[in-house]
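In the two complexes that follow, chain A is the common piece, with chain B as its partner first and chain C second.
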Partner chain A sequence: MAAVPVTCVRLTTSMHTNQIIGKPSTLKLVSFGRATSGLSRLSRFQISCAAKPETVTKVCEIVKTQLALSADSVVEPDSKFSALGADSLDTVEIVMTLEEEFGISVEEENSQNITTVQEAADLIEKLVEKKNATA
Partner chain B sequence: MVGSRAPKLSGIQKQVLSLYRGFLRTTRSKPPENRAHIESIISGEFRKNSKLIDRKDFLHIEYLIRRGKKQLDQLKTVDSVTLSSSNVDDSTKP
Partner chain C sequence: MFSTSNLFSPIKLPSQMETHLWYSLPNEIKTESLLSQYVDLLSPLEKDHIFSISSHELQKSALIARALVRTTISRYQIGSQVSPRSLEFKKNAHGKPEVIWQNSDDWHPPPPRLHFNLSHTSSLIACGVTVDSPIGVDVEEKQRTMKNNILSFAKRYFSCEEVELLSAISDPEVQRQEFIKLWTLKEAYVKALGRGFSGAPFNTFTIRFSSMNPDSEDSGIMIVPLENPSDLTTNWQFAQLELGGSHYAAICRESNGGASMKVIVRKTIPLVEEQIISEIN
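What follows is the complex of A and B.
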C-alpha cells in the first residue's frame, strides 16, 4: 500500500524537474552550479527543491484524513486541494493539522499559497530545516 | 512554486480564514477531552455561515467577524475550558 504513493512521488518530482529546466529562467541558476553535464545538473536541482518522499506521503495521509476521503482514493503530490473537494476552510484545517504534526508554525501569508500536497511538503521541509537550525 | 496558483481570496475572505485559524490555534491550549467538542462547534459555525450567508452580504459578514473576534477573545482566557452552542431559531422572529 505504501509503495504506491512513493512511486507516484518519484514520477512527479522528475516531471517537476523537467518543467523547471525547460524554463529559460533557470538557465541562470544552472550557470551558478558550474555543472559539466546535464545529468548532475538534474540531480542537483532535485535535491534542492523536492521534498522527501516520507514527508509527501505523510502529507497525503493527513490530507486524506482531514478531508475524510475513502481509503482507496488516490492523493498525489500534484493533487490540488480544491480538486479533492476542499474549500478554503478545509485548507485552513489541513494547514493547522500539518503544523501540529510536524511541530512547525506556518506564516499566515504562506499558508494561503499552499494549494497542492507538493507545495505543502516543500514548505514543511523548509520550515523543519529552519527549526532544526535554530534549535 | 510550479504551475499552480492559489485562488484569489478577497480581503474579507482572508479575514474570515484568519479568524478561523485563530480559533483553531486557541483550541490547542484547551484540555484534550474538550478540544474535539470545541473544534466541532467552531467548524460547524463557520461552515453553516459559509453556506447560509450570501458572499456579497458584507455588512452581515463584517458583523459576524466582529462578533467572532470577541468570542475568540473570550475563548482565549485561560479559564474558559469549553464551549456550548444554543440554537436560536430565526424563523420565530416577528
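What follows is the complex of A and C.
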C-alpha cells in the first residue's frame, strides 16, 4: 500500500473571541469581548452615537430650504443656524418643519439646544426612538 | 486708524421715559477699511466667531452687529474708561448678553444701569438702549414669507386667543403682516424678560390689543399670562415701529407709570455717521 501524505489541518477557534475568518478581503470582526450568548446583549447596549447620516442630510435639506440657500451651498453638521443667516423666526420654522417631517414634538424648552444641524439630528433621533419605544 | 476717542460728542443717556433705538443697514456698509476697523473693536472670542462664518455677507452682517453694540454703548460715555474695544459682555442664565460695568462698586452715586438688546436680520441690525429697565427688541423684514402655513404655525406656537385673532383676518397678505408683527411683539417680550423663546414658550402668554382710544396714552398692548404668573410679569410696555420702510420692529421695556414709550430712532454707520430719524411718542 502506498503512503499518501495527508495534511492534517486543525482549525481552532479561540474561546475568547468570536471571529469569522474568511478570505482576507472579507475579514469581519463580528464581536469582541467575552463569549456571550450571542449578539443580543450587544444590540441592546445603549451607546450614544451621532445621528444617522440620512437624518443629518434631511436636516440639512430642510435648513437650506428655510434659509433659501442654494443647493450647493455648504451646510455642515456643525454649522450654527445663526451663522447660516437664521433669525429667531427661521429657527422656530426649522423646528416646526422637522416636527412634521419626523413626526415628533420638540418642547420649546429644547429649542435652545438646537443650534446646529448635528444637534437637531441628534435630538430628532432621540425623540423618534422614544416615540417608537412607547408606541 | 481709529483712535480711542469718539468722533462725536457723547450722547445724552435715555431718560427714564425714553428708549433709544439705533439701527444699521449692512447693504450700506461696504468699504473694507471700515470693516477692518470694526474687526479691531472686537474681543478675541468675537473675532473667532466672526471668522468661523463662511458666507461673506453673513460674516459682514455679524461683524456690523458687534460693532453697532460696542460703538452704541460707548457713545453714552459712562465713565472715562469706556471705549468700544474695552467693553466686556456676559450672558445671563438664558443666554441674554449684558454689559459688565468695570469697577461699578466704586462709584458714588452708582452708575446708571444702561441696558441694551440687539436684534439681527440679514438686512437690518437694531440695538435698543434704556436706562434702569430691561429691554427686548425684535425686527423682521416686512416682506418676509413663511415656509410653514401661518395658521398651522400659530396653532402650534401661539396662544388660542392669538390664533383666533389671526384666523379672523380674511386677507392673506394682511394676515401675514399681522402675524409677523405679533411675532416681533412676543419675541421682544421674552427677550425683555431675559428668558427667550425657550424660557417663555409663546403659548404661555397672550399679547392682547385693547381697543384703540386715540386719547389714551397707552399703546393698548398688554400681556395676559396663561401660566407662571411669577415668571410672566405684566408691568411692561410696547412700541411698534417700521424702520427704513422695510422692517417691522417691536420694543418691550418696563412700564413707566402709565406714560407711553418715547422712542428716539437713530440710523447709523458705526464710527462714521448717525442721523436721528424720528422721535416717536
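Methods note: the second predicted complex is superposed on the first by the 88 of 135 C-alpha atoms of A that agree within 3 Å, B and C clash if a C-alpha of one lies under 4 Å from a C-alpha of the other, contacts with A are read in each partner's own complex, and residues count from 1 in each chain.
Here, a contact is a pair of C-beta atoms (placed from the backbone, for glycine too) under 8 Å apart; a residue touches a chain by one contact, two chains touch by 3 or more.
Here the structure is a predicted model, which means the values were calculated and not measured.
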| item | value |
| --- | --- |
| Three-chain arrangement built on chain A, chain B and chain C clash or fit | clash |
| Touching partner for A:T115 - first (chain B), second (chain C), both, neither | first |
| Contacts of A:T65 with chain B and chain C, given as first, second, both or neither | second |
| Touching partner for A:V74 - first (chain B), second (chain C), both, neither | second |
| Which of chain B and chain C A:M96 touches, first, second, both or neither | both |
| Contacts of A:S88 with chain B and chain C, given as first, second, both or neither | both |
| Intersection of the chain A residues that touch chain B with those that touch chain C | 87-89, 92-93, 96, 108, 111-112 |
| Contact set on chain A toward chain B in their complex | 16, 19-20, 80, 82, 87-89, 92-93, 95-96, 100, 108, 111-116, 118-119, 122 |
| Residues on chain A engaged by chain C in the complex (per definition of touch) | 65-66, 74, 83-85, 87-89, 92-93, 96-97, 99, 108-112 |
| Interfacial residue positions of chain C with respect to chain A in the complex | 52-55, 57-58, 61-62, 94-95, 120-122, 138, 140, 144, 146-148, 152-153, 156-157, 183, 187, 196-199, 201-202 |
| Sites on chain B touched by chain A in the complex | 1-7, 9, 13-14, 17-18, 20-21, 24-25, 28, 43, 46-47, 50 |
